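As written, the chains take the letters A, B, C and D, and residue 1 is the first residue of each chain.
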Amino acid sequence: MTDYVPIRARLMVTTEESPGLATLHLKVQSETPFTFQFGQFNMLSMFGIGEIPISIMGWQDGLLMHTIRAVGRVSTAMIGMQKDQELGLRGPFGKGWPLEKFEGRDLVFITAGLGCAPVVAAINYAVAHRNRYRRIVILQGVKHHNDLLWQPKYDAWRTMGDCQVLLAASEESKRKHHWKLGLVTALLDDAEFDPRHCAVMICGPEIMMLAAMPFLQKHQVRDEDIYLSMERNFQCGMGACGHCQIGPHFVCRDGPVFHYPDVKPWLGVKGF
Amino acid sequence: MLQRPLKVAIHKLTSCSGCQLAFINQGPKLLKLLEFVEFTHFIEAGLFAPDQEVDVALIEGSVSTHDDLKRLVNARQRAKLLVSIGACATSGGVQALRNMADDKENWKRAVYAHPEFIEELQDCTAVATHVKVDFELWGCPVTQQQVTECLRQLHAGVKPKDNAEKLCMECKRQGNVCVLITQQAPCLGPVVRTGCGALCPSFGKACYGCFGPSEQPNCESLTNRMTGFGLMPNDIVHRFAAIHSQSPPYQQQIARWRLQDLEGSD
Amino acid sequence: MSREIKLNVPFITRVEGEGALQLSAKGDEIESLQLQIFEPPRLFERFLQGKPHTDVADLSARICGICPMAYQLTSILAMESLFEIELPDHIVDLRLLMNLGEWLQSHALHIHFLAMPDFYGYDSAVQMAAKHGDLLTRGMQIQEAGNTLMRLLGGRSVHPIGLQVGGFAALPDKGAWQHARQLVNDAIPAAIQLLQWTAELPIPDHSQDFTYVSLLGEDSYPINGGNIACSNGLTITAQQYPQHFKEHHVSHSTALYSLVDGQDYLVGPLARVNNNYRTIPEHIRHLAEQCGLEFPNMNMFTSIQARALECLWALFEAQQMLQYDVPKGQAHVPYKVREGECSFCTEAPRGLIFHHYELEQDGTVAKCTIIPPTSQNQARIEQDLKQSVKQYGLHHSDNELKLFCEQVIRNYDPCISCSTHFLDFTITRQ
Amino acid sequence: MEKGFLPRENLSQLHAVLCQQGYKVIGPQVKDGAIVFDGLRDIADLPWGIVEHTEAGAYRLEDTGDNRCFAWNNGPQGLKPWLFKSQQTVWRGEATSDGIRFKSEQPSPQPLAFIGIRSCDISALYLQDKHFMHSAYADPWYTAQRKQLCLIAVNCSRSNDTCFCESTGDGVEATYGYDILLDELDDGYLVDVKSERGRAITAALPLQPGSQQHHKQAQRQLKNARHQQRVMPDAEQLLKLLEHLNDKHWQDIAERCLACGNCTLTCPTCFCSKQEAEVEPVSGEHHQVRYWDSCFSEKHGYIAGMQLRGDVSQRYRQWMTHKLATWQAQYDRSGCVGCGRCISWCPAAIDIVAEANLILGDDHD
C-alpha cells in the first residue's frame, strides 16, 4: 500500500487491555481500502519520536487495530496518544500466516508471553471462518494468570465446539481452574489434534519455540506443518536496512511468519 | 506530551560554562526552543530561582566543593528529572585530573600562595557519584542539537534517545579519510562516543576524546595498536588523561599504561 | 539619616568560578567592600605540568567556555615564539580572522544577553524575547557571524579544535568561506545600528581616574600581538610582564589579585579603545563620532559602547579578509621543539591575557602561568564599586543599590555569569 | 570492436567530451593522504605518479614521479557513497492544525561520469543493484542515480598488498558493467567501449588504432596485477564457515576488534542502514533520515529487552558469515569482491582473508 512514505492514520479509540498495553483503533486516511493478511505488520511512526513495527490485530468497523505494549520510547508514546492525534503508517509488510493453505486441517496455536497479537488475530480469523477448519487447539502460556489478555475471548473459545483451550502459568504457586502450572510447552502433552493433518502456528520468544519442538516431534508433527512468527530489529520493514537478518533471511520481507524448515538451522543459534 | 512548556532549571557547578553556551549561542533556534521550554533558573541568562520546582534540572559542572554538593542535592530535590550535561558533569571533566595527583596539597600550593583559603572536596567528581541521574548528555562541550533534542523529547513525554555509537561511524559517513590509518595518528575515534560530527578527523587530526567513552569501548586493543605507532606508555596515558580521565574505561588504560611506564623506566 | 548597610550577596555566579559581593557601610562611609571570588580550584597551571606541549591548547581552552580561543592562541603563540616559528602571512591572517570571530560572539552575547535587560528593566534577555525580539535578533545576527568565523577555522565556537602550534589543523573550505563572507557582510548594517543604539542609551557618568592596560597597536588595532601599554606611561613587552604585574592571594577570593606596579588597573574593551582609538580606521571613527560617541574616556559605563565599536571594527576587518579567496598554502608549518621559557599576551574579548611556559627538551610542560583578564580586573572592580557606589549615593534603597552594583560589575563583563544578577540579596539595616 | 588508443596528451579531451555531454565528472584525487573520488575539474588534478602502499591497518601514498595517473588500486571508498548515500532523507513531514502531512523526498540524480573505477567496484555495484534496485521495494534514490551513471573503468596494472580480487573472481580485469574501459600504458590508453553511452563519447575522441605493442603491454600489466598475496577461499569453502559457529577463534578476533564499523562502512557492498526521526530546529519540520549503519553497532541487534548480538565476537561472526556465506543464498554469490578495503582501513589491522582461512583451516573448531 505504501512503502517509503507513510500515510496518515487518525487515532479514534484507545482501549486499554491491561496496564501498559492498549489497542489503538485507527482510521486510515487513504483512498484505497486497506487489505492485509493476518501476521503481517505495519510500520507506525510518531512525529519526532520514532518508528516501530507492529502486527496488524484486525480490522473492525472500518478501523485498523494495533495492540501495543509499552516497552520503550516509541511504544510508550504511542499508547499515550490522544484521540484524534495522528500517526504515520507504512505497510502492510511481510508475509502473514498462510491460513487459506490450512483449510481442512486442525489448527494448533502456541503462544507465550503477553498478548501475542499476530496469533490472536489469526485465531479470530479461524473462528470467524469456523467451517473451513477442523479442530482448533489454543495453547497459551503466561507468567501469572492475570497476565492473560482477552480472558473473555479464551473463555468463549473454550465453549465453542471442537476447540481446546489450554492455559499455563509459569510463575504461579497455586493452580487455578483451567490452568496448569508450568511452561506452555508442557501443555502440548494434553493437546489433542491430528498430527498428520494439522498446522501449528507459534509466536513468542525463540527459546519457547525451541522448547516446543521436541514435544511436537513426540506428537509426530512434521516440520513442514509448523509456522513461526519471528521478531528482529526493523528499521525499514522492506528488506533494505539489513537489521532483521537471520542467516540469509530478511525477517521483515521473508517473514515475519516463516515456514519452520526455512529457519530451522538458525533458530536459537545465539548471535543470529 | 506536556500541554504546557517544560520547566527547566540550569545549574552550574565547577565548569567553564561552555555547555551553557549551547543554549544562548544558538541564535534563532533559541527562540524556537522558548516555544516549549520555560527557563526558571539560569544564572548565566539572569534568571535566579534555584528553589523552584521544575520538570527538568540540567546540571553543568562537576562536584568539587562542599557548596557544589549542597546545590546539587537541592537541585535534585526540586526536579522531577535530572540531566547531567557535559564532560564535567558526566565524568568530572578536565579539573578531575587533580584526582590523579599523588600529592593534592602540593598541587594547590603550586597555584595558590595561600591554599588554606580554599575549601574543596578531596576529589572532583561526576554528578552521578552523588545523586540519581536520569539522563546524561556527553561532550565537552555538548552541542546545541543534543540539548534541544533532549528537551524536545522530554517535552513530548518520552525518554531522550541515547546514542553511544562510535565516532568512527560518523567519521565515515562524513567521508573523512581515516587519520589513524594514513598518518598513524593516535585517534581515539574507535572508543569515543559520537556527537561532535567527527570534527577533529574532518580537520585531519586525531580525536582527543571530548565526548567520552562510546558503547563497548575496546581501549585495550586500541592502545595496543598505538604502541605499534611508536607511542610510549606515557604518551598513551596522556591520550586518556584529558577530558574524561575519570570515566572507568579510560581510567583503566591510564592505570595500565602508567604501570607499563613505571616498569619500563626501571 | 544615618543607617548601617550590610549588603551580602552570597554568590555572584562564577568569575571563572564563583563570586560574591559584600558591602557594609555606615552613614556615608563604606566600611568594607569585597568582591569575593571563590573560583573552585581547577588547577590548570598544575595539571598542565608534565603534559606534552601539543596538548596545552586543547586543555587550556577549558578554562573558559566563552573565550576558549584566546587561551588556546596565547599558549600557541608563546610556544611559537620559543620555537622561533616563522608563520606564513596567510596563517597570521586566518588567526586574526578567528580572533575577530571570538570577539564578535562574545561582545554580542554580552551586549544583548547580559547588559541589555538592564536598560529595559528585565531580569533576563529570555524574557525580552516576546516584546523586543528585534533587538535580540540583531544581537543573534552579529553573534552568529562571530560563531561562523570560529566554526570556519575551528570547527565549533566553543572549544574549537582547529588551532595548533605551527598553524591550523586544516585550512577552511571554499563553501564555508563564502558562507562566512555572506554572514559578515550582512551583519555590518546590524552592527552600525547597534553602535547607534548604544549611543542613545541613558549612560550615567561615573568617570573615575584609573589605570588601564592593553596591547598597543602600532598601526592597526591590537588583538594578538604587540607591546603592553599602561596608561601610567609604561610600555613593556610580554616578557617583562611579570616584572611589573604582581599577583597576590587575598583571603576573600580564590582568584589571584593582579596589580601593576602596586596599582589596580582595567583591562578590556575600554582599555583597548582608550589606548588605540587612533588606529581604528577613519570611516569607523567617523561613524562613532557622528552618533556622539567620545573616546578615549574614563567612564566605565561606556564600555558597552566600546564593545559595539569593536564589533563594527571586527566586522569590517573580517570583511576585508573575506573578500579574497580562501588563502592557499600550507595549513601548518613544521617546527622543531626547543627547551626554554616563553611568554605571550593577547587580547581576549574581556582583555589582556598572559601566558608563560617553561618547556623541557621534548616539549613537555615544566611550568606554566596563566593570567586571565578577569582576575586582573578584580581589584579594579572593587575600587570602582567603592567610588561609584558613593557617588551614586548610599541613600538609595537596598534593591537600587544592588542593581547599581550589578551594573557596575557587568561593565567589566568579568565572565559571563559574573555579570548577571546577584543572588540571594540580603541586607541588614539598623 | 577493436580497442582504440588514446595518446596521453589527449586524455584531457576525454574530460572535455564528458563535460560537453553534460556529465559531472568524478575522478580520483589525492585528498588527506588517500585516493578519493570527487568532482574532477581538470585532469591535472588526477593522482599523477601516485601509488598507494597498504597493509592491514595502514595506507600511505607515494609519489613515484612517473607519468601515470591510474597506477594506484583503490582508496577508502568506491561508488557506494554516490548511490547509497551515507545520509538520505526518506520523507519530510509537517504538523498542521489539520493533522500531519507527509511529503516524499524526490531523488535528485545528476549525470555522473566516473573515471578510474576498477573491476572490483563494478562487481560491488552490481551486488548493490540487486539489493537496492531489484528486490521487493526499489530504493528510489539509488535507482534514479544508478540510471545516470557513466563508468569509465580502468584495468589494474598492479595490485596492492591487500587486493585479492583474483580469488573472488572480481578482477583484475573489468569484463562487464562499464561504458568505457581503459588500460593505462606508458604512452597513453587502450580504449574499449561496451555501451551506446560509451560509443557516443569515444566517437568524439581522437582515437588511433591500438598497436600490437600496446596490447602486449596491457596483457603484461594484467599478468603483473594478478600476483596477489591474499587468497580468499572459494564460495563453496566459504559456506563451511557456517559449520564453525562455535569456533574459539571468534573470541580471539573480538579481543582485537574495536567494533568501530570501519570495515562495513568502507566495504563497497555492505548495505545496512538505520532511520532516525529528526526535527529541524527552526522550521520545526520533521525529517525521517536514513543513515549508514553497521552490524557492529550495539543497536543493530537490539530488540526491546534483548540484545541479539551482545558480544563483539558475535558481531564479527555475523559480519563475516553474512558477507562470505549467507550472502550467497541472498544474492547468488559471496558479498566480498576482494577490494581489500576492510583490511586496509581497519584501525585494529584485522585481516578478513587471514581470519577466514584460519577458521576454515584444518586444526580449527
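Definition applied: a contact is a pair of C-beta atoms (placed from the backbone, for glycine too) under 8 Å apart; a residue touches a chain by one contact, two chains touch by 3 or more.
Treat the numbers as computed from the prediction; the structure is a model and nothing was measured.
Asker: Whose C-alpha centre lies nearest the centre of all protein C-alpha atoms?
Answerer: Smallest offset from the overall C-alpha mean is found for B.
Asker: Quick one: report the Å distance separating subunit A from subunit C, using the average Cα coordinate of each chain.
Answerer: A distance of 65 Å separates the two centres.
Asker: Roughly how far is subunit A from subunit B, going centre to centre by Cα mean, in whole Å?
Answerer: 44
Asker: Averaging only over C-alpha atoms, locate the centres of subunit B and subunit D and give their separation in whole Å.
Answerer: 37
Asker: Measuring centre to centre with CA averages, how many angstrom lie between subunit B and subunit C?
Answerer: Roughly 25 Å, centre to centre.
Asker: Two-or-more-chain contact residues of subunit D, please, as numbers and ranges.
Answerer: Within subunit D, the residues that touch at least two other chains are 276, 279, 293, 299.
Asker: Which residues belonging to subunit A are in contact with no fewer than two other chains?
Answerer: In subunit A, the residues touching two or more other chains are 48-50.
Asker: Throw together a list of every chain pair that touches.
Answerer: All touching pairs, sorted by chain label, are A-B, A-D, B-C, B-D.
Asker: Which residues of subunit B touch subunit A once you look at their complex with the stated criterion?
Answerer: Listed in rising order, the residues are 1, 152-153, 156-159, 161.
Asker: For the complex, give me every residue of subunit C touching subunit B.
Answerer: Within the complex, subunit C touches subunit B at residues 13-14, 17-18, 38, 40-47, 49, 51-52, 55, 58-59, 62-66, 68, 105, 109, 113-114, 117, 122-126, 129, 133, 136-137, 140-141, 143-144, 147, 155-159, 161-162, 164, 168-170, 248-251, 253-254, 256, 331, 415-417, 420-421, 423.
Asker: Under the touch definition given earlier, write down the residues of subunit B that touch subunit D in their complex.
Answerer: Contact set of subunit B toward subunit D: 26, 28-29, 32-33, 144-145, 148-149, 152, 161, 164-166, 168-169, 172-184, 187, 189-191, 204, 215-216, 218, 220-222, 225.
Asker: Please name which positions on subunit A make contact with subunit B in the complex.
Answerer: 48-50, 73-74, 76-77, 80, 82
Asker: In the complex formed with subunit C, which residues of subunit B make contact?
Answerer: 12-22, 24-25, 27-28, 30-31, 34, 39, 42-48, 64-65, 67-68, 93-95, 97-98, 101, 107-108, 110-114, 117-120, 140-141, 143, 196, 199-200, 202-205, 208, 210, 235, 238, 242-243
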